[in-house]
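One structure is given below, represented as structure tokens, and several questions about it will come after.
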Amino acid sequence: MIEIEGVRKSFGALDVLRGVDLGVAKGEVVSVIGGSGSGKSTLLTCINGLEPIQAGRIAVDGTEVHARGTDLNRLRRKVGIVFQQWNAFPHLTVLENVTLAPRKVLGLSRAEAEAEAIRQLTHVGLADKLSVYPSRLSGGQQQRMAIARALAMQPSVMLFDEVTSALDPQLVGEVLDTLKLLASEGMTMICVTHEMAFARDVSHRVAFFHQGVIAEIGPPEQIFGAPANPETRKFLSNVR
Amino acid sequence: MLGTALTLNDLLFLGRGALVTIAVTVIAVLGGTLLGVAFGVLRAHANRWLLLPLVFLLDVFRSVPLLIQLILGNAFQAVAGWGWSPFATSCVILSLYTSAYATEIVRGAIEAVPQTTRRAARSLGLTWRQDMASIVFPMGLRVALPSWIGLTLGVMKDSALVLWLGIIELLRASQILITRLQEPLFILTVAGAIYFALSFPIARLGARLERRWREDD
Amino acid sequence: MFEYTFQWRQAFRALPQMLEGALVTLQVAVLSMAMGVAIAVLLALMRNSSSPWLRAPATAWVEVARNTPALFQIYMAHFGLAGLGLYLDPFTALLAGITFNNAGYLCETFRGALRAIPGTQARAGRSLGMGAAQAFRLIVMPQMFRISFPPLTNQMVWAILMTSLGVTVGLATDLTGVTQDLNSRTFRTFELFALAAVLYYLIAKAVAGGARLLAWRLFRY
């Protein structure tokens, strides 16, 4: 589903990704862990074409992301992404936030879009907040709305960029539950996260990012139980 | 080359008009600022209800076109038999008009000084006067200066309206030249360039000051 | 002191005509704001673009509009353009001048508002598959107008007051023009213009109050 080969990216003189290789199969859940500044978030914004790359290739479901003729707007309908800051559209209600893109990008009618939106919002547990403005919601609720907003586009892949890092601790659980639900339904997911318990319980594989490359990747039992790479061990010992 | 009938004398005529513009502006800004400081200090400290008539009057100055105010002011002094020159009338009206805006700037600047700071000063034994002079004035000046520069430039541009009372400021001077030389576009462009040259550098200076002081915070 | 007898009755008899003039005043103000806003959005986008060919003319417009008197801009529209062979009648010249002025000031207002909107908003829209223009229209622009609402209201009041300048280029149909016309016939300068001042004050307050109501209704989030 997702092929990442030899990707290099830098911001000016700063090398952020130094040769990343990763393949994600359909229905697979991959968690990405690692220290701040190791390049994890940048990788996600490269996958949906928000950021250019200097070398290598990224393909999603057969489409080359950074090829010259690629229609990025079309690509982004297939790749859903949720950021750390939920970026709710403040001037729209929860329902309008979720129906906006389906109506304006996919061309759905208002009725069709609202039906799908209500389905997704119920899915994430916000069915009773449809006509509320985001400013009235908690961070956790806004983040769940952002997830529903991305899901309403019927993506084949969901990318999650530290979606619980900006939340108060008591709100983290509700968002992680939503992610677990999605994983159990077979969504292909890449989750950049600091929540180790979540990574261990939900992922098929866990990738450890270190200094711009994937230093080690394997099933949770390996990464958390018997990591081969000394850097992995050092990171995990600091985190526990 | 371009073939204009504009002579050096004509340029000097325009220059004299520009001087009149500057003169009116300077007088109005001085008068308006002094009044504005007085009113602003009053508004920031005195009881709201007591000042209602003053507040209303200043609000009127901001909600009625300046041209109307000039005509009214002129008509009033004529009716009252005071016999003021158009220049004097213009300066008085413009000063009052300026003071209405200056009051808001001063009040805003005083209120921008944190109450806690002022209370600390008074607790040290400073009198109200000393508090105003050593604490409020320096701190308030930073807040007020960019807005005050904007107000000054605004008054300079508004001063063009005094042509209605017959005063030959820059715009009227250019109009007189146009009537004689019939080159409206060229003459107006020259006048516009003079206005621009008077305004733009000061506006940039104000913006730079504002940026520098904001970064200092 | 006053050897002059105030003839208020005569002034009040002119009220219907002056109210008609007030209508023309509002017409000019509303039209100049509508056009000014549209042009200002364009200018703001041009000033923020990466191409100097777009930035330069927009910057020129804004700097001329803000550093020269509004009266000068109206004179340019009426007398200046006539020199090029393009005659604008007083109404059109006034409208053009005020629109030019509005567009210049509002461009800066909009740019300030755009600076206050995080880039992540547009990015979220792009991530959902929207094109750049779509993301701007649906997500950024509504928020820009929301932030700009108070300055927009001020500019509207400003525009109403600026229409009084039409009389200097010969406009006789707006409130000031009508008043001056009556004045030249009856010489009741003080009474007539005092009445006009009251009318302007009421209109200005009505617009400001109406705007506050509109804001309360529109921006309930």
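A, B and C label the chains in the order they appear, each numbered from 1.
In the analysis below, contacts are C-beta pairs under 8 Å (C-beta built on N, C-alpha and C of every residue); 3 or more make two chains touch, one makes a residue touch a chain.
Please read these numbers as outputs of a predicted model, since none were measured by experiment.
Trainee: Using the contact definition stated above, find the chains touching both subunit B and subunit C.
Mentor: Touching subunit B and subunit C alike: no chains returned.
Trainee: What chain sits nearest the middle when you go by CA atom centres?
Mentor: Of the chains present, the most centrally placed is C.
Trainee: Between subunit B and subunit C, what is the separation of their C-alpha centroids in Å?
Mentor: The answer is 21 Å.
Trainee: Can you give the whole-Å distance between the Cα centres of subunit A and subunit B?
Mentor: Averaging C-alpha atoms per chain gives centres 56 Å apart.
Trainee: In whole angstrom, what separates the CA-based centres of subunit A and subunit C?
Mentor: Their C-alpha centroids are separated by 47 Å.
Trainee: When you check subunit C against every other chain, which residues touch at least two of them?
Mentor: There are none in subunit C.
Trainee: For subunit B, which residues count as touching subunit C in their complex?
Mentor: Residue positions touching the partner: 60, 63-69, 71-72, 74-76, 78-81, 153, 157-161, 163-164, 171, 175, 178, 183-186, 188-189, 191-192, 195-196, 199-200, 203.
Trainee: Contact residues on subunit C for subunit A in the complex?
Mentor: Per the touch definition, subunit C meets subunit A at residues 118, 120-121, 123-131, 134, 138-139, 142-143, 146, 220-221.
Trainee: Please name which positions on subunit C make contact with subunit B in the complex.
Mentor: Its residues touching subunit B are 1-4, 63-64, 66-72, 75-76, 79-84, 157, 161-165, 167-168, 176, 189-190, 193-194, 196-197, 200-201, 204-205.
Trainee: Could you pull out which subunit A residues touch subunit C in their complex?
Mentor: Subunit A residues touching subunit C: 48, 50, 73-74, 76-77, 80-81, 83, 85, 87, 89-91, 100-101, 104-106, 133-135, 146, 149-150, 153.
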